[in-house]
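Next come two complexes, and both contain subunit A; in the first it sits with subunit B, in the second with subunit C.
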Partner chain A sequence: MPSKLATRAKTRLRVPAGWGFVAPYLVVLIAFGIAPAVYGLYQAFSVTSPVSDPYFSLTQNFLDVLRDYRLPGASWNVAKYLLIWLPLLLVVVFVLALAMDAKRTKFAALTRFVTYVPGAVTGSSAALLWLFMSSPAVSPIGPFLKLFADKSGSFLSDQTFALLLSVMGTAAGAGGWIVVVYGALVGIPQEVIESAVLDGASAWDTVWHIKLPLIRSYIAFILIISLAQGFQLFVEPTVISAGAPGQVSRTWSINQLVYSYATDQSNYGRASALAILLLLVCVALAVLIITKTKFYSIGDR
Partner chain B sequence: MRTDKIVGPAARNLLFVLAILFFGLPIVWLLLAPTKTTNGLQYMPPMAFGSFQQLGISASNLFGYDNGIIWTWALNSVWYTALSLAVSLSVAVPAGYALAKLPFKGSNVVLFVTLLTMIVPSAALILPLYLEMSAFNLTNTPWSVILPLTFHPFGVYLIYLYAKASVPDSIIEAARLDGCSEFGIMMRIFVPLAWPAIAMVAFFGFVGAWNAFFLPFIMLNDQSLATLQTGLQILVSSTGAISGGNPSSVPIHAPEVALAAIVSILPILMVFLFAQRYLVAGQTAGAEKG
Partner chain C sequence: MRKDSTALAVVAGSAIALATAFSAFADDPKAPITVWVDANREPQAQAYKAAHPDVNITIDVVDPSQGSNTSKIALAVKAKSGIPDVVFLGTPDELATLSARPISFPMALNTVVPKATMDGFGTTLARCTYGGKVMCLGNDIGQTVFWYNKPQFAAWGYTPPKTFDEFKALGDKLAKEHPGYNLGTVNGRYGVDAFFGSSGCPVIDATSLADVRINTADPKCARVGEVIGPMIANGSLSTLDLFDKNYTTQVASGKVVGMIGASWVADYAFKPMTTNSGTDFDAKGKFAAAPMPTWSGESSNWSGAVGGGIWVVSNRASNVKAAVDFAVGMTTSPDIAKTQATYPAYGPSADIWLKAKAVDSWYAADPSSVLKDAGSKINPADGYVRYQTQALDAFNQTVIANGATDMTGSLKAWGDQLLQAAQSAGYTVTQ
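Our next item is the complex of A and B:
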């Protein structure tokens, strides 16, 4: 038994040790996390004017951004994308994971591997791949796409773009989540399922009343992470519109609009204001999902 | 047994076949594309193999583009990624460890801020980062990309979670009583124990840094500083390779672009195949996405 004095001495020794270990991280946290966030906040209240020096205003940039005629279009595009993509992703992930769990065959394992591979193809290479996939002339599903193509033989337009991005996002994102959800299903104790079956539960009953309730926290988790990703949509529309100029608007997504403020107009105030509005919506939705699904209380399980 | 009563094996296997087609077909198509000519891409069956000769032509066209600038892009990608990953790991491991095992006054605040920065869209930070870098005259230098990539809050949080849940205090306490220094305890006790978590953080850090697009896109103007990811975009927009209107005599068309895409994902695929086993095991512990 160490004496009280020794314990106290040790506790005192630990303080500098902990700080020393965290100090390098604190430097990068402040330099590349907190400082830009605070600076962005400050910028949002600094109004750029063609006739005078920048001046301070609490609301000017936010009002200017909200009045921009391009914002409703871009917001609607992102909303459409999220409304198609999120349900599609959840259905694909849960149906496949549950089917793989129902009987753990070799074929199921192979499928799990194949669904995981497109996750390695991200960023601009993924955008290029799907640009090809959506060109009726070269796509493996070209004849199908031609049914929806316009007169010039192109499938891509502001209207079909949300659909293409959703399919692309599902192909790239589902595999990783399938592994996570499948892992959770495997983790359910076998006795729980067996006792339910003994009580006369059918296979569907175990899915609906045991498996899904036990893993429902993953639905919220996937939704929150995917929402944040979806609102940030930038790389895919930028690369695709570079490959197909004129077919898709350069300010198709909200983040592209932020970028356009900063580069085309050199108006960092408006860019920051819009980025902050985007962040607020994102956080509000995350809070809503967390409180409505009791995500964290289940997470402690 | 269980679900078989309703969803027969046939229906389930059909589902798997459809899934393999949906997820696998685009990748196979991408691998086949550089073996065909631009005409072949249009008129040959989509899943047909062209010829090795044509693959050679596509490769020499791509690697000859702009005096082999793609090698410069690849080299840039490699060293930006390697350096930022090395720094971010040596920052994240001690931080995550200390937050879990050497708590101090204010460590909870650090943890809370870390969680907070994780939900801030990185895109929202990029413009202020640009202004910050330009205040230090670092824009359009490799440092403007490498330095921000060293900040990896997800990594810190993952190491923290692992240390908290899977490394017992008693081992650390025993080493301390044996007279091991705090740094020695981390290096000799914690790091060997936590290597699955560290490997996972390294993998996600690698993928994140390698695939970074927005950051180099905004920070770098010189084509000779571009990474493979932004280089791909330069390649496509400056040659009009995909839009079809390619008036220049530059021999960069769809097959070459497909090959460039393969080149840019090859390192990820290789690391991915190598790391797969550990990732699948580790992901159930709560992995980072994207």
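Our next item is the complex of A and C:
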């Protein structure tokens, strides 16, 4: 039996080791995460005016961005995107992962690989690929798209954009999550499943009453990561709308509006203010999901 | 870590040293100058540099996309280092942001450039001027004319329209007799600058850095809506961007038989889009320029301006003479005029440039007299404003998105968004 003294010595040894592991990440977090956020907060209180010197105001920039005529449209676009994309993503990920788990054949391994491939294409190049695919004049599925094109021959518009981005986001993002969820399903002890089957549970029962509850926290995890991603939607609409100029608003998403403040208007105060508001919304939603799903509680699952 | 901080100290140290050296050079006729140009202007800048070996010029080729130069200069001004001495702006509306606080970048040129030289820029100087100070020199202008496929017009018995009523009538006829063909596009700046701009509709009519006139209910706006609305409806005007893949294929296959377009449209849109396009249509010897049609109620056939670059000199330049000489040289040198990509803003340079166009066999007829005439008739109702991108975006979100339906309502919605965009950019708006 180790004495109390020895335990304390061990803990003392562990603390510097722990810091050693955390330190590299901490440096990056402070340099590229916390410091810019603090600087952004400072900027958000600095109001620039074309006719006077910059001045300090706690509320001016925030009020200006909340009153901007483009914000309601951009918010609604992002909301539409999240409402289509998140459920679609979750359904595709869980249905495919559960199907692969139910039939662990060689074919499933191949499917796992194939579904992962689109996710290996990064955001901007994936957007270019989809721009090509969705342009009726050059797309390999052009004749099909022409059925839905407007009179001028364009398929892209503010109306179809949320749907297109949702399909694209699912195709590009589902693969990685399928691998993660499949890994979690494999981690469920086989005895649990076997005893359920012995008790007469159907395949559907094991999914609904055993597998899904056991991997519940993964749903929360995917939701938190995806919500933050979705709210900050930027690369995909920017690239696709640059390829179809004038068909989609330059400030289609909220983050594009932030970018417009910074580049079109050289107004870093308003850009920072809106970025901070966006951060607050993401953090609030993450806290809500974490508490509702008891994400971090260790027992009681 | 230590290595990093040492490196950081070295960088910071050299930045301070550089800044000190920079300020020591103030008003130094031997100081080097840094110029920012886009890729199209690089050969001319290199030619100027070669012709002036006594001046130490650094040429940086930079990203010409909307807002890029301004945000880089804004950051450089904030950091107080790396500010260029001369900048080429392919999106000249950025001058309005650069001139305003907190950037306050441009130098007033009317006090340092001889009046005789200034006069050569003619009416193009008006847009560069804020409160009597000339903040830029025009490099090239995008005055609009009516480009048309001459043999096709002759074969169908059409003639270039003299007025916009005739233009609309031509659209009706084309839609009925040859559906699938069109007379150009009105998306974004092709609609706002070419149509509303030539009509004098007050949407970006800046009278100073803080004042602008906006009124889309003005008759000069309504008459544009009455022409383009029905033409969008019958398909004789497209709502696609000129460089949208779905439109370039129409140009390439000869479906675009006319266009109210800028002076550069022939060389930079029609020519490349129809060369090696893989279609049977060969544009060589087809396109000619006709004078702009006249808006009803006007005595002159005003032109609009789509694009057109400018040169801006920094008021923080340490070698003022070299910087101003560079900007003047790039716009007025006869040798550079010959190699200019597009129609020069400086009158005498334009005459030199047009000589080459007059004998270019790609055109169906010599376009030089039409281009020259339009160059002096750009409607002065347009200016450079800080909400240019929002103005175009709002136009596409309202007038273009609604197509031909309810033009009056669309114009009103556009006007409402313009008003908010202008006020948000710090303008006092009058009607």
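Observations
The rule we apply is simple: the second predicted complex is superposed on the first by the 258 of 301 C-alpha atoms of A that agree within 3 Å, B and C clash if a C-alpha of one lies under 4 Å from a C-alpha of the other, contacts with A are read in each partner's own complex, and residues count from 1 in each chain.
To be clear about the criterion, contacts are C-beta pairs under 8 Å (C-beta built on N, C-alpha and C of every residue); 3 or more make two chains touch, one makes a residue touch a chain.
Bear in mind the structure is a predicted one, so any value in this text is a computation, not a measurement.
Of the two partner chains, subunit B is the only one touched by A:21; subunit C is not.
In the overlay built on the shared chain, the residue A:190 is in contact with neither subunit B nor subunit C.
Looking at the shared chain after the overlay, A:245 reaches both subunit B and subunit C.
When the shared chain is aligned, subunit B comes close enough to touch A:207, but subunit C does not. In the superposed model, A:229 makes contact with subunit B only, not with subunit C. In the superposed model, A:34 makes contact with subunit B only, not with subunit C.
Comparing subunit B with subunit C, more residues of subunit A are touched by B. Touch criterion met: A:69 reaches subunit C, while subunit B stays clear of it. Across the two superposed structures, the residue set of subunit A contacted by subunit B and also by subunit C is 135, 137-138, 243-245, 262, 268. The residues of subunit A lying in touch with subunit B in their complex are 10, 14-15, 17-22, 24-26, 28-29, 31-37, 39-40, 43, 92, 95-96, 98-99, 102-103, 107-108, 110-111, 114-118, 120-125, 128-133, 135, 137-140, 142, 171, 173-177, 179-180, 183-184, 187, 193, 197, 202-204, 206-207, 225, 228-229, 231-232, 234-235, 238-239, 242-245, 255, 258-259, 262, 268, 271-272, 275-276, 278-279, 282-283, 286. On the subunit B side of its complex with subunit A, the touching residues are 1-7, 9, 12-13, 15-16, 19-20, 22-27, 29-30, 33, 41-42, 46-47, 88, 90-92, 94-95, 97-99, 102-105, 107, 110, 113-114, 117, 119-125, 127-132, 147-148, 150-151, 153, 156, 176, 182, 186, 207, 211-214, 217-218, 229-230, 232-233, 236-237, 241-243, 254, 257-258, 261-262, 264-265, 268-269, 272, 276, 279-280, 283-284, 287, 289-290. If you check the complex, the residues on subunit C that touch subunit A are 66-68, 70-71, 74, 97, 100-103, 187-188, 209-210, 235, 238-241, 243-250, 386-387, 389-390, 392-393, 396-397, 400-401, 403, 416-417, 420-421, 424-426. Residue ranges on subunit A touching subunit C, taken from their complex, read 48-54, 64, 68-70, 135-138, 151-154, 157-158, 243-247, 249-251, 260, 262-266, 268.
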